[in-house]
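Multiple structures follow.
Both of the next two complexes hold chain A, though its partner changes from chain B to chain C.
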Partner chain A sequence: MSATCKVTIDGHTIEVPAGTLLTDAARAADVHVPIFCSHQKLPPLGACRICVVEVGLPRRGPDGKPALDSAGTPVVTWMPKPQTACTTYVADGMQVRTTSPEAVTARKGVMEFLLVNHPLDCPVCDEGGECQLQDLAFAFGADFSRMDEAKRTFVSEDLGPVVKKEANRCIVCMRCVRYCDEIMGDDALTAHQRGVRTEISSFDRQPLDCEQCGNCIEVCPVGALTALPYRFKARPWDLRQHITVCPYCANGCSVRLGVRGMEILRARGTEHRGVNQEYLCVRGRFGYEFVNDAERLSSPLVRSGGSLTPTGFDAAVDFAAARLREVAAAHGPGAVAFLGGEKLNLEEAYLYQKLARAVLGTNHVDARTRFTARLPGEAVLRATGGGRPLLSLEDLGHAEEVLVLGDDLQGESPFAQAVLVRGQHQAGLHLTIAHPRRVKLARPKFRGEWLAYRPGSEAALLNGLVRAALERGTPDGLPSDVAAGLPALRQAVAEWTPARTEQATGVPARAIEAAAARLAQARRRAILFGRAFTEHPAAADLLRGIESLGWASGALSAARSEVMYIGPQHDSQGALDMGLVPDLLPGYVPVGDAAGRKPFEQQWAATLPAEPGLSAPEILRAAAEGRIRALWIVGDEWLRSAPDRALAEQALAACDLVVVSELFLTETARRAHVVFPVCSFAEKEGVVVNCERRLQRAARAIAPKRGTRPDWEVFQAVARALGVRWSFRTAEDVFREIARLVPGYRGRSWATLVPLGPQWALEAPAAATLGAAREGAPPAGEGLWLLSGGTLFLQGSLSHRGRLLPKLAKAARARLHPAEARRLGVAEGDAVELAGPAGTLRLPAALDVEVPEGSVFVPYAHAEVELNRLGAPAGAGLKVVVRPARVAERVGA
Partner chain B sequence: MSHAPAVTAIDPEVRDWPASRRVEVDEALSHYPNRRSAVLPLMWIAQREWGWLSPPVLRLVARTAELPEPEVFGIATFYTMFNLRPVGRHHLQVCMTISCSLMGADRLFRHLERKLGIGHGETTPDGRFTLRRVECLAACGRGPCMQVNFDYHENLDEARVDALLETLT
Partner chain C sequence: MLKEMGQGLGVTLQNLFRKPFTVLYPDEKLQMLPRFRGLHILTRHEDGLERCVGCELCAVACPADAIFVAAAENDPQGPRSHGERYAERYEINMLRCIFCGMCEEACPEDAIYLEKNYELSDYQRDAFIYTKDELLVPSEKAGYLPQR
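Presenting the complex of A and B:
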């Protein structure tokens, strides 16, 4: 069989790869074949029959060659009945007719059947105007119905707060059921009854117990499933649609915002664009409420006396500039620090550090405010292969073996989770989930392996895996520096035999060996890591361990990287790339590298400080101790994100100047001297970089809310007030400077980033650092290990502003294993008190067999959970004493 | 009309198979290479035990067969012979399909409705009878016919039905 096939569709002959479905071949030939049930991410089904076409194949003679008629043209044998294009694979010489009388009649017949029971209530249907049934009825249907029987009717249902179901409109294409099962891994929907009475619903018609992603709504080709939050809000033709990038995680999904006037009325996937196409998680789809929130700041605030007073923009800029100048003059540039910025667009991140370094002369810049210990700016780059070409999210779905280290992807990276679920279902992907808790992907239904390591034993686990991987031999394609370093690495991890690792981690020796073997043997693999390791007090060691595992297992090679970092925010990667770390200039140029500094100094017309600055946790301490006297905090509720709440309070109180750029008057902003109201993601444009290091244009969907500006304008205004002559007119101007100057970004332009930009890579990858991970000292004191992690329904303080997401997230609970709860005398719903080294937290308890004994799980994303009040983790983590709060304070279930 | 109401009555006590059914359950599971294939036999065992498939019972079946709960619910609704609501001690299932219909099934059904004071799908307050219309019972040569629990009664008329009901206590 040849690798490609020639197919003729309605007279257009095209060549497509063998194994292409006729529907896709038709799309390639620009011929419209209607579909309902088939979907790009689901295997062929053939449920609805709307895609019927006539198919013929060349007749073969006895010699196997196509038979020719007297005129010398091949004889075609037409199949006796029309075929469904969505389940028919192309064959060489295939002939297809989509507009022949047979095909047209067949399609009309299907249409007639589909409409037998359809209520034709388009005027009151939210899908109207973008409904495939409506469109196709118009294009292919008859204009009258021969049916005069009564239609079967169902009662409409709210399946929870998100999904509205009008089963009368359902054409039983099964897309929703299959999508939920094969891509969400939730199996929340099912078909009830059968035949003409088939109805899609949930278990016992209860509210859906699921991720509430609304993807079932998105893929429903008709108005049977619609979104409750958007119900009766607008008609699609009244909406302006803008495609931008979701601000809620590092996956960087494209979202299509539907806007009327100044208001965002809905968010949808993009069908054929973006890394995600139709997919959005619940945050991406329903998390835009904060943009329209009435409490958005609309005027700069300046502290006068005890209170923050609204003031004009110029006055606020002058105030901030004057005070910055004073502090720098009195205490030196080292007394000024810049925090936050993982939510900034690339151009803004670039200007933020340029303001710090070139204008104020300080390297105290760090976007990674949650970190509990100093981590070299290059650590993530090295762990992900030093800037070598990185696997994409699409590649991820085709991996044979995927190791997820320490993160619950459901909360941190919902789209990557969906990619993995789909790969597991459809492409034989095998999952290895290293996590103390049984997170969703570690459930038996995904048939992976769960490495349930003990909290605090992360380093041991990595060392054990590195050793076991090296036992399988030396991987191919290593760069010379790594090959030279391997013997030393072997030595360094020699003591981490599977038996010893089992002892330290609780993971069976056999499972460690098997996991390493799977990684080493797979032809395509991936290792994913994120916050659980980067925000760990031993992050520097853990990242070296991940890097070593990458090289030892073959996930890293001279040519390519299969290790992906999933940062906490949608532009965490961009912030790293742009040098929002104390030791690197944009493009990973060390601040101490005089030659590397030169182009920046020339372009910026400034002498740059060569000493690395303080990292975020060090800035926190220095500010609390009065060594840092001015802080700028951008887009970060620092009182929640800093690792130690008491210290952060102290720091804010001690500083002579605190500038905050924010959308809302957060707790942190209340303590500032100057507050700049800034634009939300939907109100500004720029570039963001997702976890695959892909550059994407984030477009502006609505005009800035009154009184707000994009962050970069604020930085520029303050820089100018400090006497430098920046003259960027647009964010694109800033990007042009980046494209001139920054390694990895050279030569790029906005125009080349649409619809989807490239994944950047460095021409000269960073050198490797191999070594064993040192184990952190176990935290002092008695108590339970504190486990935390992301929550699907909430991410960051902006997600607290809407109504839907907090409602879906429900109240936070301290989750305990039932056996642990019994020991503590705690029942479901009882109030418990968690006491850490610095403070306490009170929460209702929940019993959960998925939390290991000896630990307590508290999600960090809920507004009411301020984990940093307990004190900062140190060494291998944090232990807290859990006890029942007084009985009178029992919290309702 | 075909909107099946939610299963409302639930028996929150059902957590596990009673010891007396364990053997049957294991036997059903042993017939198949994977557990999910045993879902129908498991439902039958459950219906024999509890008389009907309440949500907790279906959850138990799902757990036992290692299937998603919604899928098990869908399966239970697909087959008409699984009871998704409590039924009386005697489940009267009257065939309404063509042969029986020609032989007077409609009249017979109306007679039962009047006599018992209940309609299709309903149960007498004393829990003795549940009445239901069903499709062909494959006894077409001897219509009208009615299935009572698992017993067939054929060539029925009003008098025969009355006599039959007397014996069903």
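Presenting the complex of A and C:
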């Protein structure tokens, strides 16, 4: 069989790979074949029959060659009945007719059947104007109905706060049911009854218990499922649509914002566009509410006397610049530090560190404010292969074996989770989830392996896996430096036999060996890690362990394999790339490297400090101790994100100058001396870099709220007030400078970043640093391990501002294993008190078998949870004492 | 030459004694033809509920982009229209309107008609944005649909 097939569709002959569906071939040939039930991410089903076409195959003679008629043209045998194009694979020589009388009549008939029970609802239907049924009925249907029987009717239902169901309009294409099952892994929807009485609903007809992503709404080709938050808000023709990048996680989904006037009314995915296409998680789809929030700051604030007073922009800039100059003059540039920036666009991150390094002369820059320990800026780069190309998320779904280390992807990275679920469902991907809790992907239905390691034993687990992987032999194609380092690595992890690892981690020796074997033997393999490891007190060790595992298992050297870092924010990767770390200039150039510094010094016309600066946790301490006297914090609710609340309060009180760039008057902003109101993601343009290291350009969807500016304009204004001559007029100007200067970004052009930008890689990857991970000292004291993690419905302080997301997230609970709760004398809903080394936190308890005994799980994304009040984790983690709060306040379950 | 002059004068004389075509507006007003298109009305069902459901088809059909509609969901206790949806705001900018009647043609609910009122003048431009209150017929005219 040839690898490609020649197909003729309505006279257009094209060549497509064998195994292509006729619908896709038709799209390639620019012939319109209507579809309802077929979907690019779902296997063919053939439920709706609207795609019927006439199909013929060349008749073959006895010699197997196409038979020719007297004129020398191949004889075609037409199939006796029209075929559904969405379930028919192309064959060589296939002939297709979509406009023949037979095809047209068949389609018209199908349309008549689809409309037999369809209500005349268009005027009140929210799908109207973008309804595929409307469009196709207009294009192919009859303008008259022969049905005069009564139509079947169903009662409409609200399936929870997101999905409105109007079953009368359903054409039973099963897209919603299949998407929910095969891609979301939620199985929340089903079809009740059969035939004409088929009705889509939840199994128990209760509100959907699912991720509330609204993807069922997105894929529903008609108005049977519509979005309650957008109900009757507008028609498609009212909306200006702008494609930007979601600000809620590192996956970088393209979000199409629908704007009417000055208000964002909805967000959608876009078929055939972006990394995500139609997919959006609940945050991306419904998390835009904060942009229109009335409490947004609209004027700069400057502290005068005891309070913050609204001021003009220029006055605020002058004030900030004058005070920065004073502090730097009195205490040296090392007394100024710059924090935050993972939510900045690439250009802004670049200017932020340029302001710190070139204008003020300090290397105290760190975007990673949550970190509890110093982590070399290069650690993440090395762990992911030193700058070697990464896979796309799409390709990740075609891996055979994926190991997820420590992250609950549902909270941290919902799209990556959907990619893995789909891969598991459709492409035979096998999941290994290393996580103390049974997170969603570790549930039995995904048929993976759950490595339920004991909290605090991450290092042991990595070492055990490295050893077990090396037992399988040396992977092929290792670069020479890695190959040279392997014997030493072997030695370093020699003690981590499966038995010893089992003892340390609680994961059965067999499971460790099997996981390492799968990883080492799979043809395409991937390892994912994220903030659970980078924000660990022993992060530097753990990342070295991940790097070693990546090389030992071949995930870093095999074809179509990778180690991927999923950062906590949408531009975490960009912030790293742009040098928002104390020891690296943009493009991973060490600050101490005089030759590497040179081009930056020339371009920036400044002498750059060669000493690495302090990292975020060190800045926190230095500021509290008065060694750092001026802080600039951008896009970061630092009081919540700093690892130690008490220390952060102390630091803010001790500083002579605190500048905060924010959208809202957060707790941190209230303690500032100058507050700059800035634009939200929807109000500015710029590049963001997702976890695939893909550069994507986000468009400006609405004009900035009056009085706000993009962050980079604030940086530029302050830099100019400090006497340098920056003259960037647009974010693109800044990007041009980046493309001139920054390794990995050199030669990139702004114009090529839409619709889907390239993934960057370094021409000369960084050298590897192999080694075993040292175990952190177990935290002092008694108590339960504090486990924390992201929540699907909330991410960051901006998500607290809307109404829908906090409502979906419900109140935070301290989750305990029922056995643990029994020991503590706690019942569901009881208030419990968590006492850490530095403070306490009160929360209602919830019993949850997915949390291991000996630990308590508290999600960190809720507004009411400020885990850093308990004290900073150290060594291997943090232990808290949990006890029932004195008064047995029963909180409604 | 005299003949031609006589002819011309003849026409003048003829018209001098003819009944005039013009009317003395505003003392006198013309009877409009049934299909005349003047200021719009929004009609009501017999039960007094608004016919308009806020579907915005008129707005998208309007070649002059004169119509603004913002829909909302009916309170089941006190619905404003039949169905779940009604026009919370309905505005026509009569300075933009070209009286083409496309809105009337597009409306699936027989909710909008161009009626005979042509006396549209004011001192302020803002006043030409006719709001729903001004366009909706009074409840006494529930069930009224102009004959076309």
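In the analysis below, the second predicted complex is superposed on the first by the 887 of 893 C-alpha atoms of A that agree within 3 Å, B and C clash if a C-alpha of one lies under 4 Å from a C-alpha of the other, contacts with A are read in each partner's own complex, and residues count from 1 in each chain.
We adopt the following convention: a residue touches a chain if its C-beta (ideal position, glycine included) is under 8 Å from a C-beta of that chain, and two chains touch if they have at least 3 such contacts.
Note that the structure is predicted; figures quoted are calculated from it, not measured.
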> After lining up the shared chain so the two structures overlap, which partner does A:238 touch, if you call chain B first and chain C second: first, second, both or neither?
Replying inline: second
> Regarding the shared-chain residue A:510, is it in contact with chain B (first), chain C (second), both, or neither?
Replying inline: neither
>> Under the stated touch criterion, which partner chain does A:123 make contact with: chain B (first), chain C (second), both, or neither?
In response: second
> For chain A, which side has the bigger count of touched residues, chain B or chain C?
Replying inline: B
> Is A:192 touching the first partner chain B, the second partner chain C, both, or neither of them?
Replying inline: first
> If you lay the two complexes on top of each other, which residues of chain A touch chain B in one and chain C in the other?
Replying inline: none
> Which chain A residues qualify as touching chain B in the complex?
Replying inline: 150, 152-155, 181, 187-194, 196-197, 199, 202-206, 444-445
> For the complex, which residues does chain A have touching chain C?
Replying inline: 122-124, 128-129, 231-235, 237-238
> Tell me, which parts of chain B touch chain A in their complex?
Replying inline: 1-4, 6-7, 55, 58, 66, 68-71, 73-74, 77-78
>> With touch defined as at the start, can you tell me which chain C residues reach chain A in the complex?
In response: 53-57, 59-60, 70-73, 83-85, 108-109
